[in-house]
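A quick write-up on the structure given underneath.
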Amino acid sequence: MEFLVRAENRLPPETPEEERSRLKKGERARADELRAAGNLKRLWRVPGRNATIGLYECADATELHDLLSSLPMFPWMDITVEPVATHPQEQ
Amino acid sequence: MEFLVRAENRLPPETPEEERSRLKKGERARADELRAAGNLKRLWRVPGRNATIGLYECADATELHDLLSSLPMFPWMDITVEPVATHPQEQ
Amino acid sequence: MEFLVRAENRLPPETPEEERSRLKKGERARADELRAAGNLKRLWRVPGRNATIGLYECADATELHDLLSSLPMFPWMDITVEPVATHPQEQ
Amino acid sequence: MEFLVRAENRLPPETPEEERSRLKKGERARADELRAAGNLKRLWRVPGRNATIGLYECADATELHDLLSSLPMFPWMDITVEPVATHPQEQ
Amino acid sequence: MEFLVRAENRLPPETPEEERSRLKKGERARADELRAAGNLKRLWRVPGRNATIGLYECADATELHDLLSSLPMFPWMDITVEPVATHPQEQ
Amino acid sequence: MEFLVRAENRLPPETPEEERSRLKKGERARADELRAAGNLKRLWRVPGRNATIGLYECADATELHDLLSSLPMFPWMDITVEPVATHPQEQ
Amino acid sequence: MEFLVRAENRLPPETPEEERSRLKKGERARADELRAAGNLKRLWRVPGRNATIGLYECADATELHDLLSSLPMFPWMDITVEPVATHPQEQ
Amino acid sequence: MEFLVRAENRLPPETPEEERSRLKKGERARADELRAAGNLKRLWRVPGRNATIGLYECADATELHDLLSSLPMFPWMDITVEPVATHPQEQ
Amino acid sequence: MEFLVRAENRLPPETPEEERSRLKKGERARADELRAAGNLKRLWRVPGRNATIGLYECADATELHDLLSSLPMFPWMDITVEPVATHPQEQ
Amino acid sequence: MEFLVRAENRLPPETPEEERSRLKKGERARADELRAAGNLKRLWRVPGRNATIGLYECADATELHDLLSSLPMFPWMDITVEPVATHPQEQ
């Protein structure tokens, strides 16, 4: 099942560069794993914001939550999830 | 997977009683089928409104849309769907 | 450039079946052309609603408006457009 | 009487792990008591968020407030309560 | 248990005076019954609007819905219900 | 004239217990004075929140502001005021 | 006591010119009376809208509602009322 | 002084083609006059909507309202006006 | 040209009394100057809030911004500006 | 392609003057570069706010994000981007 996932990153601007850099590296590594596993199918940046929209595929909302909360930035993210259904034109 | 489904019924107040009654009977019959099939697990009324909140269980958002759009009142309903994950305390 | 396009279809429930059917056929045909041309890359249904989310690719907002307003259902659609940027992880 | 209770946990990400762990354990213990007493009938996680939706049963809003404010995380929670009525189909 | 009930009356301005008058009389008669039964404890008008705020007392949300839906104007009303708890200072 | 007054208490959870206790005692004492003076006619708790709804009676908005800003918690409160008119049914 | 009153006029565009003109004349005549009586102290137009903002002075919300509902356009108006207090700098 | 003016056109989809065409021609003619007079400096289309954003220059909000209400489509437009100030970088 | 200006004062409750007092004195002095210059025509307090609504008169939005940003409290204020047009009834 | 870009500057009022001044100088210098490159076509101040509205021209949302995130104030800005299409009247 697919989900559109909007994530605003609220990491404070005062965060030390080293900490920020460590988190971003971890974020990227985890995202790569999710891509390899077929869970993260697309990722866009919201222009002008420290925010992304991701297209996820997973079994259900429980697995989705496990995936999202495994991201190193999760404690600072404000995430909203929208379930999407397959359109008849694409079936 | 479970979903909380909020449905506002916008059938106009001017709808002839006969038509309204026919739709409500069909609605109830279809709801009973969804209950029997295990898709509709709970149904609440929003107090003061011609609206309900339902707890649905189905494979994914695509099946959920098929179920909801099979309801006779569907063309007049304003529906919002919220996916819910199993809480670790209940696993 | 890619856009996420949310379209709520406000065609009144009272629309005669013949008119509705004619519009839906036209809508599908036009969507197929947009798919063939590479403009419509994905289309999802919003569960529980007569609404879709589409992923479009086109030169700019002007071309996007021309594509969207060429859909037979356009006069009844409430559309919002969100521009999305390529994420560095996908570059 | 039943209530749907949405709770966003605003505990700051900087909270020391020990404090966070102590609060979570207390939260779970209190939730288990509420379950045993028949007050907490279901608990869902909102996917992607540090938030839950609970289905509570209690005598009235006054008892509900007493239950919710007895949770160790209460001072950091942003809670909204929605009263729900029994639907005729379930009477 | 007490509820604050906000009701916007959406009866169209074009409604014939006779129908409007009949509905208002029925509304008043039913409200008087609810007052006599102790269910309607206060009723305010929202200044500038065809709207009211009522303080209701009833067993639970199910009884409240039964009371509200017994009002002759119910089909044209947009109602929102807010449960209120007894404040410790008034216990 | 009557007003419905909604007050969200934003006192930070980290406030030392002694300070919090001192403020609450002062709040209660001032509220008792307002009750004795006939200005505070009812007070409800919003279930699940550190918030109240009060029914105030005073000469006008200027007196109301003086009363509300005399509460010890005022600097931490997010207050919204709604003027209510006497309903013809209660005149 | 003073109130800021925002009024959106929802008279349908299809209203016959004669009816519209009769209503506008009545509206102006009633507004002139309210001005003469000292109840309507200022009236602004919201640029680009069939809407006004008025500064009213009256005894309380009950009198204000009586004044507003005496306007011939009242049945088509969407009105919101905001009570304002005298600022210490102007006392 | 400059204003950003957002205008949603709510002309019903059922409007006869002839009437719609007459209105659009009149709209264009009046817009051309406003351009020639230096009042309408830019006009954008909101992609996917029957809506525009215009950059107007005029003496004040009163003149702006006169200009906007002179547009033939005005009775069907939902307009919001935002005043903008000259930025120091452009002075 | 006239503007209605809503200003929420977000100065933190923890601000030392001396600093707060100095700012308030400066605020009052500057407001008096704006009154004397004819720019600040009325000032109301929003009841229950550390907020005001002001009626300003100035040449345009650029001058208005200069006036508002000259207020000592400006860095802590959340201000929204609404342009208002002269109503034909007052011309 | 053109975009309207609204930017609220959330730099805390407590920021030391030196830091603030350094950031503003950098902001201005970068804005001048964007003007020279033809990317920043207009810039307005939102009256009463530490906020701007900019009219940008760039290839697509990806380039726009690169430009915006190159501004020294970017970490403290809350930015929303709106794509605008060329209006037929200006083609």
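A few comments on the model shown:
Order of writing sets the chain letters: A, B, C, D, E, F, G, H, I and J. Residues in each chain are counted from 1.
Following the convention adopted for this analysis, a contact is a pair of C-beta atoms (placed from the backbone, for glycine too) under 8 Å apart; a residue touches a chain by one contact, two chains touch by 3 or more.
Given the structure is predicted, the values throughout are model-derived calculations rather than measurements.
If you compare A-C with B-E, the chain pair joined by more contacting C-beta pairs is A-C. Averaging Cα coordinates per chain places subunit B and subunit I 50 Å apart. Note on chain placement: the centre of subunit H and the centre of subunit J lie 25 Å apart, centres being C-alpha means. In this assembly, the C-alpha centroid of subunit D lies 30 Å from the C-alpha centroid of subunit E. Residue positions of subunit I with contacts to 2 or more other chains are 2-3, 45-47, 61-62, 64-65, 81, 83-86. Taken together, the chains touch in the following pairs: A-B, A-C, A-D, A-J, B-C, B-D, B-E, C-H, C-J, D-E, D-F, E-F, E-G, F-G, F-I, G-H, G-I, H-I, H-J, I-J.
Residues of subunit F that touch subunit G in their complex: 1-3, 59-62, 64-65, 81, 83-86.
Put simply, subunit F touches subunit E in their complex at residues 2, 4, 28, 31-32, 42-47, 52-53, 82-90. Subunit F meets subunit I in the complex at residues 3, 5, 7, 61-62, 64-65, 68-69, 75-77, 79-81. Every residue of subunit E that touches subunit G in the complex is listed here, in rising order: 13, 45-49.
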